[in-house]
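Each of the two complexes below includes subunit A, the first together with subunit B, the second together with subunit C.
Moving on, here comes the complex of A and B:
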């Protein structure tokens, strides 16, 4: 049916050898394709982390559709309501009134009042000059026992400040009020899955005798509110950094950004910084480092020269991961990333030297529609991440998003084990990657 | 309150309707939006996405480009992609922000066509109407552009099926069953099925058909155009159950003979007092199912219309329901409800609820439960 002028395999503009690639944006932006890998969380999944909360989206029908069905698929429609925006609302001055009245009606109809209500507006409200402050103020007056959180689904503004994902992670903690600090408690902020107990980060916090709090572990609204008292905020995902900064500014807490890394020196620096903040001596990590290296060697022994492909949804540091694997002899052949983050610049330079022929491949480029499963199937590939699994057509993949809760030397050790597991076991890629929000319940 | 829902879903939007209708025709569809429309469409509204290639893209609109009216970015990106991929045509449609910015899609399409030589058309979506509006406009535009030649009618009786998308008929074999029924039971060869299973070149030959079968209200605009342009009559209905397909076949034969259009799906009367089964959904399907249940099972029915629909599709006594509260009220007064499972939370516990997934409402949530009701006994007893 489709005929391309430049031939079946011409991927010019959609992929480039790392030696020739620009940083941080190796590709020209244009029309975008959406690959069917649904594991990364969206703002609905993230918002649902607040226990006993309810979400109300005020948006156009097209925008509502995606968020409502996200909630439906995670079996959470009892926590999701909506107000649709009509063309007339944009011009007749009723935008604010409709949201206030609609939200009030929804709350009155709920079988139980929520402890918090996340009210989302969208791009069109911001373009139309909607007065969100008035809306929130009126609702807070009407329902003083509910914490109202202003939230935003505004992808049109994704390049004009914080992305919707960053904003969501920041607003996730908006109800936290200034209060006396509990020096015995530490928060991990902005994650959507728990950090492994075996990670050095968690072990250090435990060794310091501190209680570790994380929204992913909160079962009640009181658990969640207790996080406001913690004296130290830790973030390690780039998308969570703004959350930690906001809490530092608003609550006067110390914020440590200890980025998830695959560089052993950076890992050690992060852990030393954490130990310092916890007031304990930094342990000797030689053994942990050796364990991680041994695990990589074991994975390499199993995987051999099978190509490894990595995508940006698996980890916020895909370049760093590629560099680590290349340093340890893996044949990393392809990295899927449309842009890279500034933090990855040193790793990018390292990767250029280590594997100059490695291909950087876009995921949204229009040509990628025809580079997916069934067209460019390459068979024997170990993929790290769902998009890499999709584009390579492999059944052997590590099914993680956003780092998968793995951190530090232990994170490297675990990831190597996951790669070994992926090499020896097949998964039903089509079924697995189409489920939304990896780790959430799913009706599919 | 209008436009508000506590717990039910919302129907797919007009942009998804455009993409769904044009998916298999070899064209490039570009939704002018930031990012959400394409993800929503490809995740929830398009079951063909994983296995069947199609050139559906998003423009990745940014705040700056929207405010500054940088249409050249959109035009340049579309022209560049079209040169790479050689689509048969290019369709452009927009989400809410382009609506606010007053983006002129027809002018942009004309510019793209002049630069590429590829037929291009602009559509008037806003992300604020249902899939039916988008699918209707997209199909009408495609028919208008490509069904221009008045071909001689085929020797044997023949028909087009108009208005088929997975949003109404999933991918459970229902469309294939309709095509089989049309050939084997109704006695019409298929010229084209708009737009599942047929290529653009099949649709180009639509004028050779003796009659058109409209299976969703999104097909009416295109059917009206074919009537105006070639005199081809259309008949609205879906051959569900056992006796309604016979009625529909007779209507097709009569229309082919007389040239008069007919709406067997609305040839009912739900205006008398007493409780009825209610069936919310797209009106050609819901009306056909209501007729089928009344004749096959003897249970009085009423179609409920939560979507845009031509008044001709509503039988006396059918009700338009604009929001969740109206649905709740209609369900409470019914003897039973046949509806998508996502309506169940607003059905009172004492009213029997019969699940009938509709992809345009619940997406892929209940695809495994979808029912092919074409030309066969209905699965319910009342």
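Moving on, here comes the complex of A and C:
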């Protein structure tokens, strides 16, 4: 077990003032720690968004533990099966055969045939050069009424190409095939929670008389399949951009990437772009902007100089959020992020100027093993995000992941309200953050 | 786009033959891409003065994904687009996995769309010993496999193994067998042995090459025979082989 040898508070290498931090990767990658803040979704949660689907994992037994626990916790064990891989499968060349035969057996034994089957292969299959196309082709021939989706649980390859999260979000829409476009429908792609109805994004789509489709609101497989017809794909999470690009290429649909932002000019540009694509005039957002600012001022009045800490699981733009809050007088003292995305570079420069002493802290650095329950615990903090809550030890935190469905000026307004609420209400942090997949069912 | 994979026992002369074919195709006005699928990364050496070029796996190791398509290729004599997959340190790592990673990276970086070659040639190390070595014959890679052999027993044996793998993979929509190429080593009954091998797989000997000192002389110059000694009888043999390969592909297409 990793032990602090001298008991001293030495965070060298795991923490740096933003004025001295490199961009986009301020820390050296090495032995990693994973804080017990389990709200962010994993590939199992995301895959479960497809209604009437079943997941099959083909991997070594040791790798199955995490995915099975996820399914069990979200009370979805009836939607998951697995095929374990043995070293002998490598010797006798049966890796591919076992997947085909195993999946077929699973399907035959299920009480009801799934509409879609998400088949996950693992690192060993990729190392061994298994031909996934051949596997899928054989299964499609055997079960033509099931949509088979190739999925990947390959953590050893997570630092090259698309991340497992990006890949999973892209594969969510893999069964969509070219078809005539329904001009009256618009998709939000790649999200794991609905976008607030009050957001300017949703209001614009409604104002244009379009139907908004989102996998998070699909109840049946037919709902999900209908998304294939929508004429416009909107993404706003960086992890979803590859999904939108893939649909644009494959279906010939227009894809608008309107990144979730806390920069008012960027928000306005995004909304103008959306209005243009919807063929309507962009409204005047002055009032919405003022409401957002007012909400920030109200939150500041309640929070005062209490330190604010933000982590990257709360929003894909934690640097931008920190800059916004610093601009509005909040005492943002710490930002938890192991790497930053290129989109955050302008915000990073702004933040350096606004709050040069703000500490940038890693979450996976081995030293963070002691940060949650040890000398770094600081109860008097408003945290935004579960990891910030865990590391600071606060009971006052905004419990969101991946932006929390908040978007635009309305998103800023709502986030400020959540901060106010966090300042005035305590939560049982340990109980709340140990539940996997915020928003999913949990048996805990 | 014509996509051809060349297999055969190590040392049988694959890289020399493939590079000369590349030169011959290029001399006929075709845009050629040659992809060396060998950890030694020396398949294309005679197309660019014998110098080593940085392999895709070198780039991946050094810079993960932070490199451009242009850095993965080198334009050789006759405008041939040269690519070396590379591989792990000898004795360590997995060469098959290296081939998979390199070919995936080429696809990912849009190599075929960017260079739009008329002919892509995969020069593949040795036998089909694992999934990685079957990668060049998979759907999306080569359409035809040509197997090089000499009349030596071990070479024939390896060629038969490879042909068997091609046959086994046919049901998967992989590349079909284009034919055998005999690289003569002056072994007794060499032509007959190659012909029998081809017949065993309902195929043909697409072409044969004599052993010639000209090949060694060209190699010492870091050039292909076709480029260094275009008027030589050996260059004529390579050009004839290039024509025969194209004819075999056309014939195969017609019979499909």
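The definition used in the following text is that the second predicted complex is superposed on the first by the 435 of 444 C-alpha atoms of A that agree within 3 Å, B and C clash if a C-alpha of one lies under 4 Å from a C-alpha of the other, contacts with A are read in each partner's own complex, and residues count from 1 in each chain.
Note that in this section a contact is a pair of C-beta atoms (placed from the backbone, for glycine too) under 8 Å apart; a residue touches a chain by one contact, two chains touch by 3 or more.
Nothing here was measured: the structure is a model prediction, and the numbers come from that model.
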Notebook entry, point to check: Just subunit B (first), just subunit C (second), both, or neither: which does A:367 touch?
Noted result: first
Check: Once the shared chain is lined up, is A:434 touching subunit B (first), subunit C (second), both, or neither of them?
Finding: first
Item checked: subunit B versus subunit C as contact partner of A:34, first or second or both or neither -> first
Next item on the list: Could you figure out whether subunit B or subunit C reaches more residues of subunit A?
Entry: B
Check: In the superposed arrangement, does A:65 touch subunit B (first), subunit C (second), both or neither?
Finding: first
Notebook entry, point to check: Given the touch rule stated above, what does A:128 touch, subunit B (first), subunit C (second), both, or neither?
Noted result: both
Next item on the list: Identify the partner contact of A:82: answer first if only subunit B is touched, second if only subunit C is, both if each is, neither if none is.
Entry: first
Checklist line | Common interface positions of subunit A, toward subunit B and toward subunit C | finding: 127-128, 159-160
Notebook entry, point to check: Within the complex, which stretch of subunit C touches subunit A?
Noted result: 60, 64-65, 94, 96-97, 100, 108, 130-132, 134-135, 138-139, 172-173
Note to self: Looking at the complex, which residues from subunit A come into contact with subunit B?
What the structure shows: 1-6, 10, 13, 29-34, 36, 38, 60-66, 68-69, 72-73, 77-78, 80-87, 90, 98, 101-102, 105-106, 109-110, 122-124, 127-128, 153, 155-160, 364, 366-367, 369-370, 372-375, 430, 434, 436, 443-444
Note to self: Looking at the complex, which residues from subunit B come into contact with subunit A?
What the structure shows: 1, 3-7, 9-16, 26, 30, 33-40, 42-45, 49-51, 53-55, 57-64, 66, 77-78, 80-81, 83-87, 95-97, 99-101, 126-130, 199, 342, 345, 362-365
Margin query: Give the list of subunit A residues in touch with subunit C in this complex.
Written below: 126-131, 133-134, 137, 159-161
